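Below, subunit A partners subunit B and then partners subunit C, in two separate complexes.
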Partner chain A sequence: MKRWDLIVIGTGLAGLTAARTAAEAGARVLVVGRGIGSLALFGNSIDVLGEVPPGVNLDAGVSDWIGTHPGHPYARTGWEGIAEALVAFQELFPSPYRFVAAGLTNSLVPTGTGTLRPTYLLPITMRAGAGLVAEETLVVGFRGFKDFQGDTVSLHLKCRGVNISLPRYGLEGLTALALARLMDEEPFRKSLGEAIRGQKAGEKRIGLPAILGLCDPAAVLEDLEGVIGARVFEIPMLPPSIPGLRIFNRFRERLIAKGATFLMGNPVTGVTVKGGRCEGIRVCNPPLETEYRAEQYILATGRFLGGGLWAEMDRIVEPVFHLPVSQPAGRGDWFRERFFQPEAHPIHAAGIATDRSLRPSGEGGAPLLTNVRVAGSILANHQSIEEHSREGIAIATGYRAAQEALKA
Partner chain B sequence: MDLQTDVLIIGGGATGAGIARDLALRGIPSILVERGDFTSGASGRNQGLLHSGGRYAVNDPEAARECISENRILRRIAPHCIEDTGGLFVSLPEDGAEYRATFIRACEVAGIETIPLSPRETLSLEPRLTPDTIGAVQVPDGAIDPFTLVVENARDAESRGARFFLHTEATGLLREGSRVTGATLRDRLTGQEFTIAAPWVVNATGAWANQILALAGLKIGIALSKGSMLITNTRLTERVINRCRPPASGDIIVPNDTVSILGTTSSRSDDLEQYEVTPDEVSLLVDELSRLIPSLRGERFTRAYAGVRPLVQVGETDDDRGISRGFALIDHEGRDGVKGLVTITGGKLMTYRLMAERTTDFICARMGLRVPCLTQAQRLPGAGLGHALQDRLLWLRRQTPASRGEILCDCELVPREAVDAILREGKVRELQDILHRTRLAKGTCQGGFCVYRLLGLLNEMRKAEGRGDSNRILRAFLEERWKGIRPVLWGISLKEEELIESIYKGLFNLNAAGNDGSAGGGE
Partner chain C sequence: MTPATEPRNPARTLPDLCVRCATCMAVCPVARVTPRFPGPKQAGPGAQRFRSAAEASVDDWIELCTACRLCDTACPAGVPISELNLLAKAKFLDERGRGLRDWLLVRSDLFGELAARYSRFVNPLLQNRTVRWLLDRTLAIDRRRMLPPYEYPTFRKWFADRQAPESAGRPRIAYFHGCFTNTNEVDVGKAAVALLEAAGFTVTVPPQRCCGIPRLGVGDLRGAREMGQRNLSLLLPTVREGTDLVFSSTSCGMMLRHEYGPLLNLPGAQELAVRLFDICEFLVRRQEENDAAVRFKPLPRKVAYFTPCHLRALNIGLPALELLRLVPGVEVAMLDTECCGLGGLYGFRKEKYPISEEIGKGLKKEVGRLDPDTIVTDCEGCRMQLRALTGREVLHPVQLLRDALAEG
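Right, the complex of A and B next:
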């Protein structure tokens, strides 16, 4: 039986980052995942810590913040760990489709409801949306594309908005994926650009739903800007996320080039643990169940949505290794009375506690499994939705977990 | 704006709409005012059960007879509001064959037809029932759509001259000495105030009866009983399932369109707006009903809700199920010396028509009119149409992707055209009105996706007005939705919750100060 250096369970941003870090260091890596993961849902730009206001440097902001949140996953990496991991992430996306920041601070970018949200690294297709001026901006929606309501966006941004019919395809009920594939076709995007130019009334920036192609978004951007004669930016919208799929595809491409193996679509059905070490995992590919073995393992299965955590009626469990889950006392304490309130719902801080090396730990902090590390949103003591730290936690802890596994 | 009519009805539930229709059929003009939308109160917060009367047969034979009689009438006049599912009273070993025999005899006495079924027959009809069953009794239960029923009553009344004011609350009663002569009203959306003068005012506000009576310095004895229910993501059974035992908590499952409604609990409440379903109530319903359907724990639940039953107090009792579910028609002249005011309350959805008939009979008698009631025979205007679910499925089968147009709600397949048609009618005034009139937001995602799309449609309409309040509406919707889903958040529902929270709080940042309200994130 083939033996791997590292098995990564989970194909979200944390698992992919861990797998890439190890594969690039020469490790033989197996990636096991049930599906594409949350990148396809929410992956747009790279949030690190939205609570640091724009204008404040992130290094100072995050370091201060770690001081008051000693249990947070960032406390395991420190700002240095985050910064190093982000640089590695940026290296994966060389010009022309790059991820860039506005200096060392957060930017505010528009969303599909016309609100602004803080984020750190932006793909170049979103850059012109940062710091937009309403009078100079036109938001364009497409008739029949219901997941991006251009009128809602323009009303809230107080800029002008138009809904246009797509040039060639008068299809009702278009999806983001279908539109992104159409945009990959040069004649389509050029005729779309002409239609938009016809609607322009002197605006210098044009906001579009985030569907500027799957294969070569930089070329789509360049063509549109050339034809329209204005800067163009993507606006994140309801899932699925095209920019997130680009990130997934890029990671997969690199991982395969580095000799990693992907095992997608089937769940991990069991693990073999002996003497505090994981000896193997079983993956069910009906009707077969196959065992895979490695020296080291990284668990990056996400939260409830990804299947990393599962809520029974009375308690939260971790279904792969049956690790103890740090959690509120009972179901009545999981959520607060109101949906919107300043503090996150207590359940969002639930997750797996670890030692400094990201190994799952029990009471007292001693590691429960010496060759398993935990990365990404499944970790305890963060509130990534409210903090706007989803991608930052995934990248920083995925990177760190791989480094720790390689060291071991 | 000041108006005049013969009868002013306060309350747009089944009873109020039923009275408006009954009056209209007898040629008497009326105006109905309702604080919210139709069925905002108990009429919209029940289990949607067309009772055969079986549930009351053993303990309350009079209620059972009322039910079976109204059951037959409703099947005749409102077939499009009813799905004739039939119902089973299922016995488990601990319920005993003896109670089953008592039940069958009691149904016979009340005139409810029964068919006893063996365990094998029972399971072949409803395979998800527990194999422990010792048999069932089939009765003519069914599922009823209260919203359509009320709207149909109102539509018919309107076509015969009645008028309706929704989102309008009574702020005071007009008085001339000991006589009530109308009411002062306020439009809750515009704030506009006006009066309606009428020689008769009917207080059909159900559990809220004392709020209206307080305007006249009056009070009646009403006990409030909160009942909680759960909705599953799929339809668990084809028939209404009752437990064949004395009525208790967690013993009914009613199929409703594509889902099932599980009920109910019963607890005293003194807060009319207290609709919160507690984790204990949820656990009680799941535990009890798991006895009937063992796979229930693994089901996906989409929502919990509660209604408040008004029970007219006849004496002191600890158990609300012991109080009669009967209704009370109160003439405040005889009781309190206040003329021109009657209160109709208590009762249940099943007897709304009978309650309307009695109220209208009373008013006619006082007016000196001798006009017979027609509502037991006169069919509702849409009675020739099919049942909504069958209609929708047939419609879908006839469509191609191009002909059905844009689908706003992917869970329940609500086409944009259906919403456009409602908007064209010009009667809806807020988001919840649209949600009431379609299946939008009733499916698996509970509006998580389609409400964003719906607001886009509203904004497209309102663009000329330059109104940018849609994020306030969106936040209010998500807050309202939260009340329903919070009690059922575990398992798959919790996954969905993480998705929705990640979208609206994470991606759209609606939790942030400045992103909570109107245009530009200002205000």
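Right, the complex of A and C next:
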């Protein structure tokens, strides 16, 4: 039976980062995902720590934050660890479709509901949305395209908005993916650009739903900007996320080129643990259950949506290794009074506690499994939604987990 | 591999597993080219909530699902989307009835032997414009679709007639060739036999019938069960004597391994599944375990590898790619576009031909960009479609590997 150096469970950003880090270091890597992973849902830009206000340098801001949040996943990597992992991430996206920051600080970019959100690394297709000025901005939606409400966006951003249709192409009823594929075709995007130019009233920046192509977004951007005569930016919208799929595809391409094997679509249904070590995992594709073995394992299965955490009536469990989950004392403490309120719900800080090397730890901090590491949003003690730290945690801990696993 | 110990989850076909995340919409090849198909999220779990056995089906778009299963591989919640679609399609077509065309198309295994015997007369007819026009008009088999020519002698005849090599003391391996190899792509079978013999086996070819997947394509569950039952009675004696069985056709393999048991609930399916392997999967494993494994000579060739959807559904990674990488001089690029668009017999149907062609468009462009010497893919459907799209040489991986076998 084949033995792998590393098995990564989870195909979100954390798992992919871990797998790539190991594969590029020469390890034989197997990636197992129950589905395509969270990038297809909401991968857009790379948040690191939105709590740090724009204008304040992220290195100092994050280091201060770690000082007051010693249990946070970032405390395991420090700013240096985050920075190193981010550079590696950026290297995966060479010119022209790059990820860039506005210096060493957060930018504010529009969301699909027209609010502004702090984020750090932006794909170049979103760069012109940073620091937009309402009077100079036009938001363009497509008639009959349900996943992007241009009117809501422009209303909240207090800028002008239009909805256009391109009857020749029958835009009505098309999915985001269909639109992105059409954008990859030069004649389509040029005629769309012309239609937008016809609607422009001197605006300098044009916001579009995030569908600027799947294969060659940089060329789409360049062509649109050329035809329209203004800067163009993508605004995130309802899932599936086209920018997230670009990230996923790029990772997958690199991983396969590096000889990694991808298993997607079936859950891990069991693990074999002996003497504090994981000896194998089982993946079930009915009617077969297949065992895979490796020296090292990384658990990056995400939170509730990805199936990394599971809420039973009275407690939260981790279904793969049955690791203890750091969580509020009882169900009554999971949520605050109202759904929307500024303070985070305690349930969102639930997750897996680890030692310094990201191994799952129990009471007293001793590692429970010596060859298993945990990465990404399944980790305990962060509030990634409110902190705007989701991708940063995934990249930094995925990178670190792989390094630790290779060292072991 | 061991049989799954856990009983089949009774909630499998319940639509409530779906969390409405729309991930599946990111991969469905049909939904991205036509708004007439609502996409996996809606066609599968969405519509399932409104279906009832007692009421007539209203899903007149359900036939547009190609059963590629990509949605299943992407869904994070484990919704058996394509199975829901298949069951809905079966009900819709049971009620509406199936035409003469479907009756004929799914029985191609019955007249295949005969057509091969008289291929000298049949092949020119299949190319004849008047005949194609007639088929198009009377049976709605699209005249633009290339019909694969028949070959004689068939694989079975070649195998029975040949001078078998000295084989005393060698382990036995059984080969499931499938209909297409037998009557239309005999060289694939010859190559499979050559590779297995080079790997040190005595090859046997047990009696076998069409796997029945064409019946599933028209939602004929009863017909598929019958085919399955017949095959099981023919194949089980082989696996019961302890001989493993390999297949070279991805879709036949998926049918035998994953539909006989979980979907069709056929007795003995499990016994077959645990001894059934994709030929490249089997050879990779052999390569890992055995020092005296197959050796390859240099074969300078620029190859583009395409991943069939049903290979993704088998969820065994990319074993053909692993083998191709062992051949010195072979340079492999990935054609990582999802789905070629043929969908088995789907792409032969006049009303679906444009969808099939539209799905394949991206693939054609990608081939043009890579400009390989040879295209390689495991599934005969993908090979047919790729030949039609590009006019280039398209091989099964075993054919290329056979050409690279080192002598002696």
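One rule holds for everything that comes next: the second predicted complex is superposed on the first by the 406 of 408 C-alpha atoms of A that agree within 3 Å, B and C clash if a C-alpha of one lies under 4 Å from a C-alpha of the other, contacts with A are read in each partner's own complex, and residues count from 1 in each chain.
As a convention for this text, a contact is a pair of C-beta atoms (placed from the backbone, for glycine too) under 8 Å apart; a residue touches a chain by one contact, two chains touch by 3 or more.
What you see is a predicted model, and the numbers here were worked out from it, not measured in a lab.
Visitor: Using the overlay on subunit A, decide if subunit B and subunit C clash or can fit next to each other.
Guide: fit
Visitor: Identify the partner contact of A:Leu41: answer first if only subunit B is touched, second if only subunit C is, both if each is, neither if none is.
Guide: It touches subunit B and subunit C both.
Visitor: Considering only the touch criterion stated at the top, classify A:Phe340 as touching first (subunit B), second (subunit C), both, or neither.
Guide: In the superposition, A:Phe340 contacts subunit B only.
Visitor: Considering only touches as defined above, state whether A:Ser357 meets subunit B (first), subunit C (second), both or neither.
Guide: So A:Ser357 meets neither subunit B nor subunit C here.
Visitor: In the superposed arrangement, does A:Glu253 touch subunit B (first), subunit C (second), both or neither?
Guide: Second partner only, subunit C.
Visitor: Does the superposition put A:Leu263 against subunit B (first), subunit C (second), both, or neither?
Guide: So A:Leu263 only meets subunit C here.
Visitor: Would you check which partner chain A:Pro239 touches, where first means subunit B only, second means subunit C only, and both and neither mean what they say?
Guide: Once the two structures are laid over each other on A, A:Pro239 reaches both partners.
Visitor: A:Leu288 contacts which: subunit B (first), subunit C (second), both, neither?
Guide: second
Visitor: Give one of first, second, both or neither to describe whether A:Gln199 is in contact with subunit B, with subunit C, with both, or with none.
Guide: A:Gln199 contacts neither subunit B nor subunit C.
Visitor: Angle at subunit A between subunit B and subunit C: what is it in degrees to the nearest 10, using CA centres?
Guide: The vertex angle at subunit A equals 90 degrees.
Visitor: Can A:Leu305 be said to touch subunit B (first), subunit C (second), both, or neither?
Guide: In the superposition, A:Leu305 touches subunit B and subunit C alike.
Visitor: Minimum Cα separation, subunit B versus subunit C, post-superposition (Å)?
Guide: When the complexes share the chain A frame, the smallest subunit B-subunit C C-alpha distance is 5 Å.
Visitor: What is the shared patch of subunit A, the residues that subunit B and subunit C both contact?
Guide: The overlap between the subunit B and subunit C interfaces on subunit A comprises residues 38, 41, 172-173, 238-239, 305.
Visitor: Can you list the residues on subunit A that touch subunit B in the complex?
Guide: 38, 41-42, 44, 50, 111-118, 134, 144, 146-147, 149-152, 155-158, 161, 163, 172-173, 236, 238-239, 303-305, 310-313, 330-332, 334-335, 337-340, 342, 345, 347, 384-386, 388, 390
Visitor: Residues of subunit C touching subunit A in their complex?
Guide: 1-6, 8, 19, 21-23, 25-28, 31-33, 35, 39, 72-78, 257-258, 261-262, 269-270, 273-274, 284-285, 288-289, 312-318, 321-322, 325, 334, 336, 362
Visitor: Of all residues in subunit B, which touch subunit A in the complex?
Guide: 278-279, 283, 286, 297, 401-402, 405-408, 416, 449, 452-453, 455-457, 459-460, 463, 466-468, 470-471, 474-475, 478-479, 481-482, 486, 489-491, 494-495, 497-499, 501-503, 505-512, 515-516, 519-521
Visitor: Which residues, counting only subunit A, touch subunit C once they are in their complex?
Guide: 1-2, 30, 34-38, 40-41, 170, 172-178, 181, 184, 215, 238-240, 245, 249, 252-253, 256-257, 259, 261-267, 269, 283-291, 305-307
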